[in-house]
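My questions all concern the structure below.
Naming follows writing order (A, B, C, D and E), and every chain is counted from residue 1.
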Amino acid sequence: MFPILSWLVFLPLGGALVVFLLPKKEVGLMRGVALVSSLAVLILSLRLCLGFAQGKTEMQFVEVSPWIPQMNVMYFLGVDGLSVSLVFLTALLGFLACAASGCILHRQKEYFILYQLLMTGMMGTFVALDFFLFYIFWELVLIPMYFLIGIWGGPRREYAAMKFFLYTLAGSVLMLVAIITVYFSATPHSFNMLELRNVTSTLDFPLQIFLFLAFFAAFAIKVPIFPFHTWLPDAHVEAPTPISVILAGVLLKLGAYGFFRIGFPLFPAAAHYFSFALAILGLLNVLYGACVAMAQTDFKKMIAYSSVSHMGFVLLGLAAMNATGFNGALLEMFNHGIITGAMFLLVGMLYDRAHTRDLNQFGGLSGPMPVYAFYLTFCSLASLGLPGLNGFVGEFLSLAGSFASYRILTAISALGLIITAGYFLYMLQRVLFGPIATNPRQYSDLQATEILTLTPLTIIMIVVGFFPIVILQFQETAVQGLLKWLF
Amino acid sequence: MVEFAIYSIGIGACVFAILSVAVRDIFHSAVWLSLTLLCVSGLYFSLNAPFLGVIQVLVYIGGIITLFIFAIKLTARIGDKTIAQTNNQVLISLLASVVFFVFLLSAILRHPWGRLATVKELPLKELGQSLLTNYMLPFEFLSLILLAVMVGAIVIGKVKK
Amino acid sequence: MTNQIQGLSFLFPEAILVFFAIGCCLWGVFTNRSALIGTYALLGVAMSALSLPASFGAGKNLFFGMLTNDPFSAFFRQVILIVAGLAIMISLDYKDLDRADLGEYYFFLLTIAVSLMLAASANNLLMIYISLESISLVSYIMAGYSKRDIFSSEAGMKYFLFGAVSTGMTLYGISLIYGLLGTLSLPAIVGQCSTIMSEPAAGLALLLILVGFGFKCSLVPFHMWTPDVYQGAPTPMAALFSVGSKTVGFAFLLRVFVLTFGKNFESWPLLASMLAIVTMTLGNLTALEQTNLKRLLAYSTIAQAGYIFLGLAIATPMGIKAFLFYLFVYALMNMGAFGAVIIINNSLKSEQLEDYSGFYRRDPLTAVTFAILLLSLAGLPPLAGFLAKFFIIAAAVEAKLTVLAGIVVINSVVAVYYYVRIIKFMFLHEPSGQAAPPGPCRLHLHLVLVITAAANLILGLWPHAILGWITNLLRMG
Amino acid sequence: MVNVAHLIPLFPFLAFWVNILLGKTLHRASAWISIIASLISMVLSISTAQGFLAGAGSYPLGTWLTFFGQPIAFGVIVDPLTVMMLLVVTVVATLIMIYSVGYMGGDPHFSRYFAYMSLFTASMLGLVLADNLLMLYIFWEGVGLCSYLLIAFWFERPAAARAGLKAFLTTRIGDTGLLLGIFLLFAATGSLSFTDLSKANGPEWMLMAAALLIFSGAVGKSAQFPLHVWLPDAMEGPTAVSALIHAATMVAAGVYLVARCFVLFAAHPVCLEVVAVMGGISALMAASIASVNNDIKKVLAYSTISQLGLMMLGLGVGGYSAGTFHLMTHAFFKALLFLCAGSIIHGVHTQDIRLMGGLFYRMKTTGITFVIGTLAIAGVPPLSGFWSKDEILAQAFGPHPVLFITALLTSFLTAFYMARLMLLVLFGKSRSELQTHESPVTMRFPLVVLSFFALFAGLLGSPWMHHAFQKFLAFQVPYPSEEAPSKFVMGLSIGVSLLGIGLAYSIYILHRRFLPEGIRAQFGWLYRLLMNKYYIDEIYEAVFVQPFLRLCRLSFRFDMAAIDGVVNGIANLVRRAGGILRRLQSGFVQNYLLIQTIGVLIVIMTLLGKLCFQF
Amino acid sequence: MIPVHFLLEVSAVLFCAGIYGVLTRRNVIGILISIELILNAANLNLVLFDRYWGSTDGLGQIFALFIVAIAAAGSVVGLVLVIAIYRNGKSIFTDKFNLLKW
């Protein structure tokens, strides 16, 4: 059988090698190689989605072979309904962000090498089913990310990169301890994520709690869950546009995915025990993130905090412990990736023209940039959960799911919908409306390439908004399987 | 008789040792050290280890102390009396050594050592024999060390004009 | 007498090294070209390494019990030879040596290697003490080797004073052990020590012995010399101290404290894990604000020693395995890192962190390999340093010492800061001032860097060979 | 041919995409694409209305989502209420689009305007066709979006942008309630379909809470007190937009929602009570404000709020058909009034009625239609407004005396302020040097058509036609009373209308010189209160908006200082610890030795302390 | 009759005196002198215990012998370093040398 998952993971690495071998001057060729390899990844991921059998609970496209036999480490890849849409999301955003990498104007060679390394790390995290492998990919993401922020970022890039690195590392090392504990809890010792749940779910309750919390530390920082979120605005703001897209679109999903793949199935008792706490954290994320986003004057920072707010809905859906909530959370992850990716692209496009992100310095851009205004409005509306666009479906299902479990709490967090609308519209008002700002000439409208990068995302927003079943069908069975295991 | 000798020589060794670390003048210190070493040599004799006693006198007093005095004289200019000879951590060092001493004694003396009646002298021949059988490897190894140190002393000590 | 003859065959690699060492001295009379003498010394190490497997066939107790031919000795001797080879290679292009004394320099290097190898097989406290002193005495000389350099002299003096006192304490402890047991042979002690271990005198003696060993491994609180000496000593020597001496120090700790007294020394796990924790924490914290690279690496080695020591503190089979693996990987990582420091110093004439700005632009190969080594030291996957830490943590978790594991991982996060800070300067900053012309010959250094970095990468993903080797050792030992 | 119903929203939706994507090339042709699309929808609506007799009910088209195991369908419902709404929406929308061709003639964003209008039409049609609450909610938000886009259509005006924001946010508050209501209803009954509402059974409190939450959505959308503040500001948009969205259709969606869920409300009298009271408050409050306002569009906006309140009141007192009937008639005459206002503004380029006057003679068509509209809304028989208002009054009479008086007072005020508006704008002498001209034919044509509806639409529900309209609607809820309406109520209604008109006439025409000022002087505090709209905007600003913004800024500062402060603080603490610890390394070797010695002593003490001192 | 306790006490005194000297002497040569005291303390122990156990191969004595040799070598190394540092820093006071610190 064609090892499609291995290809998905290691194709970018191959691309990185090719770029490595190219002479420094051949910038166009490098970009071409990176584009081709990420396009190939995208096509492969589409092929994966098409070949994915939706009715099956078990892993598909599985690849298993022994790796380090002394430790019983396996090279074990596979996808199920929980991960397949995220794989697609990664491939899509990977491709689009690569296409949007034209704003990288120096040290392109290193950029494309690191970028593809990053792709390998992210893709690997989503498909790895061996804890050891998972952890390696998980951490592998950090190193290229550090450089990508640190070299090509904004003025405070070094601070942001270091903060991101250390903060996320601090969480993941605790996960490492938990992984090892889990490893030793099984006889024979095993890193197999799927089989371990039979062992871990029978562990003592306090131990489960402890292990869950250790995993929680890693995932909570990645998601990020209030109050572990402060790395995010810094990293997002300082990162160059394509990297912000990846950060918000894919990286945050790693944390939430971790809950679905590891946190919940491995420790059902702890999951039940902490579900209300998670819901409260979700509520805080939603409201607090929205409130802080409201107070922003930096465009990118506003989007960054809106990510915090939106990931709160994921948490709410997760905490709901029912099919609707889980579906909503998974869908919201996908949607948030699409929408925020587009938002960061849009911010980047504006920044390229204006060289500022201060919301108060814009105004009236609807005039000189009608196409831009259309896309910005469109994406903002998707983000604030306008029905008919994808953002709504995820939020709706998450809220509905959590409403079934926690009435009052969900009712309070629904206030977040209002605040979200508030800050997005306030942003639109400041950017697009009003009298035209200082120098309209520098605001040329979007170019064809920029439109091309945005259009696929907007199309997905509409399609998923109208036919959420397109995504939901992938995860439905997996969610049912997870729920059956949890109860 | 032997016991008395041991007590008096031992007390002498202690006193000289303390003097050698307590006196100001570095030269005096070297002198007190040589007296201490002499006493230790005496103890070796009274322990029926005359070979060691002789070696002690020869190597230490003959070699090392000479070396020290030589070095003191070489750097004498700065060794003059107006300069403080101790650093500023005398008190705490004193305290630390006294505490150390208390610990040492209280730990060591709790072992039931008993008293040693008489000890037969180990013939020099046997000593030499075990030096070349049982302890041949360290003995040979020591020669390598001495060689290395000699070379090192030459390399670092020599100055090219 | 058969014992003796077998012993001689066992000592064949060491004998080759001595032969080449003296040869180096003689070479030094005729030439002052580093490449010539160094290559000659390297040849000696290579030949010694070739003859090493043959020596494993000798009997177990050699030279009347002075040496043992056990798997650990085999392991350490191999590591030492690798380290010695790498040390010679990074010395080849080291600029700050007095040309006139090059022959002697390699003589000393090989002498230390011999001492280290003997120390690795020493099975008697007498032999252990003598080899310890041997290593130390030559090390003092080497630390002060740049005799016109006040820093080097100061380093040598400090090393000497600190070492002499520490080994003196060890000696006093050994004398007490002798008094308590009447023997210094480790196998004999194993049989007898249970009778005296409850006494404070025995504990005191062991603690005093620990001082000298801890001094070699730079465990806190016996570590104070480390940063000063590493900073002042010639860089290849600092590398050798940081890896070679430490390997032997740990070999002593393993032999004496774990294998000999281990079962009866009840407070060992507590004592050792406390020391390990303090060591890694202090090393990491102090390294955070360092600006001199060699000094920073010195603190880093202190921290690394803490991790390694933790394997010994746990002392389960898994712990020993982790300890050996870590030691091996550590040797590779640190030699490479010091090699990088030498390259950079050759090119920039500086060891200050801020001068490393934009080094990536000047010498990408060095910068990238150095970065890999630093990340490996920091313990990030998929590098070997990660696996090493992974095993240590695993050992702690397996022994139900999860708190220790937690402390290790938190420490490793703190450590990432200063390792990555170096990378930050090299990669993220722009070079300041003009690029110095690259040194005339950096082939060996680059080779060392590439070898160690590649080894770190490969061992991180395919540790099978080393793991199998260590597992076999433990099965036999 | 009922099955064409689901195609009705499709054409305007397509028109939206065509216009938004090809706007630049189409330019002026985009108007006709939108108009044709609405016309097709209208035709389809009519055919649906005809086919309606063949069968009513809901028609699922496909599953949209699975929701707690329940499939939520894309589906349309076809019943009398829908049919009525379809017709109203398509007719009014088509007319207003035709009107807009003239009204928006010179606008640079002409095609964008029509794109939005089409999108609105599509959403509104979808809203009325939706067969379950979730679908309704989706289109509900859709119309809200179009409202936002169209209010802020002239984006260069800061006021327009602000008004759009305000409209969206205020309605969103209600919408969130609606969403929660949907959740609660589903939690209680397990279904969101309208057809299942009548057999809804679940915990009493949940159903009640759900009904009230759904009503909160209606409050937001229909600009009822306390969420009415957005509607007057929404007048910043083009007047045609105000006519379509903020008078005839979208704002009526709230009333439609309550009517749609009437069985749910009817099952819980308390809920109906709430609806009626909120409606009454809104009606009276808005009418009183309208009586003093000087902006032609604002007066109409407050009038809309007031009329919507009246509809709510009608529904609340159990008059399902009464409220719905008034919804329909109001759609026509209010659209007419707005279009007239638009025509006037188009002609005189001001909105301040104090600057107008005597326009009747210069804008004949506009003038006449305006008069018709005014009389219709004022409740002068036999115009449409009279019949529907009378229904509401009749419904309230008897069991709800307070509400009845409220409604009566509202009718009086309505007649008064509408007459005031008409008199000040159309009659008397011109009070400023305004250039005026009659509007083009595309604008006049819709006026004429709408005035026709304003004149005669009411007859459908009049006793003369035996309440045909009410019976038609009674498909779902039986029309309560077959007997002839109370003559007393009818008389009272006519009386207050005439009284209001008369009062206005006497103040503003007969005694124009002194009376307005006199009254103003006498009731200065009342006047100021009304002029400032009961200070509700200011109160909201001070109580909700500013504190909230302050909270946001505070939480940002909290984020920076406290949370990030802790993170950075820990990092700095560690670093500083490193900085302090390295000072331990003093450089003096004897210091090192001392530290080592002390370290050894400490170790000895901790490990052997006990052993050593057991003498 | 040999008083083992007493000799151990003597060696302890020598050892601690050495430690004290090492910690307080500014002059490097003074420290070297103190180190000799420490080594002699150990030597005294070794010879004593050799006699105490009545060893047949003279382990303690031979060890002591080796230590004397090593002490001599150590002194040489120490003095050479003293000379080197004196040459470079014109001082043999330890507290003059703290170029390497922190």
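By definition in this document, contacts are C-beta pairs under 8 Å (C-beta built on N, C-alpha and C of every residue); 3 or more make two chains touch, one makes a residue touch a chain.
Remember, it's a predicted structure, so these values are computed and weren't measured experimentally.
Q: According to the touch definition, list the chains common to the neighbour sets of chain C and chain E.
A: The common neighbours are B, D.
Q: Comparing chain centres built from Cα atoms against the global Cα centre, which chain wins on proximity?
A: Central by C-alpha mean position: chain A.
Q: Go ahead and name the chain pair joined by the largest number of contacting C-beta pairs.
A: So the chains sharing the most C-beta contacts are B-E.
Q: What chain is the most remote from chain B, judged by the mean position of CA atoms in each chain?
A: D
Q: How far is the middle of chain B from the middle of chain C, if each middle is the mean of its Cα atoms, in Å?
A: Distance between chain centres: 31 Å.
Q: How many angstrom lie between the CA centroids of chain A and chain B, rounded to a whole number?
A: Comparing mean C-alpha positions, chain B is 71 Å from chain A.
Q: Once you find the CA centre of chain A and the CA centre of chain D, what distance in Å lies between them?
A: Here the centre of chain D sits 37 Å away from the centre of chain A.
Q: Chain A to chain E: how many Å between their CA centres?
A: It comes to 66 Å between the two C-alpha centres.
Q: Listing for chain D: what residues touch at least two other chains?
A: If we look for residues of chain D contacting two or more partner chains, we find 582, 585, 587-591, 593-594, 597-598, 600, 604, 608, 611-612.
Q: I need the residues of chain A touching at least two other chains; which ones are they?
A: Counting only residues that touch two or more other chains, chain A contributes 166.
Q: What residues in chain E touch two or more of the other chains?
A: Those would be 8, 15, 18-19, 22-25, 31, 43, 48, 50, 52, 55, 59, 66, 70, 73, 77, 80-82, 84, 87, 94-95, 97, 99-102.
Q: Give the pairs of chains that touch; include all such pairs.
A: A-C, A-D, B-C, B-D, B-E, C-D, C-E, D-E
Q: Would you mind writing out the residues of chain B in touch with chain E in their complex?
A: Its residues touching chain E are 2-3, 6-7, 10-11, 13-14, 17-18, 20-21, 26, 29-30, 33, 36-37, 40, 43-44, 46-49, 51-52, 55-56, 59-60, 63-64, 67-68, 71-72, 74-75, 78-79, 83-87, 89-90, 93-94, 96-98, 100-101, 104-105, 108-109, 113-120, 122, 126-127, 130-131, 134-135, 138-139, 142, 145-146, 149-150, 152-153, 156-157, 159.
Q: Under the touch definition given earlier, write down the residues of chain C that touch chain E in their complex.
A: Touch list, chain C to chain E: 126, 129-130, 133, 137, 140-141, 144, 147-151, 153-158, 160-161, 164-165, 168-169, 171-172, 174-176, 178-179, 182-184, 227-228, 231-232, 295.
Q: Can you check the complex and tell me which residues of chain C touch chain B?
A: Where chain C meets chain B, its residues are 7, 18, 25, 63-64, 66-67, 100-101, 104, 107-108, 111, 114-115, 118, 126-127, 130-131, 133-134, 137-138, 141, 144-145, 147, 156, 176, 180, 196, 199-201, 203-204.
Q: Enumerate the contact residues on chain A facing chain C in the complex.
A: So the residues of chain A touching chain C come out as 68-71, 135-136, 139-140, 142-143, 146-147, 150-151, 157-158, 161-162, 165-166, 169-170, 173-174, 176-177, 180-181, 183-184.
Q: Residue numbers of chain D touching chain E in their complex, please.
A: These residues of chain D touch chain E: 582-583, 585-590, 593-594, 597.
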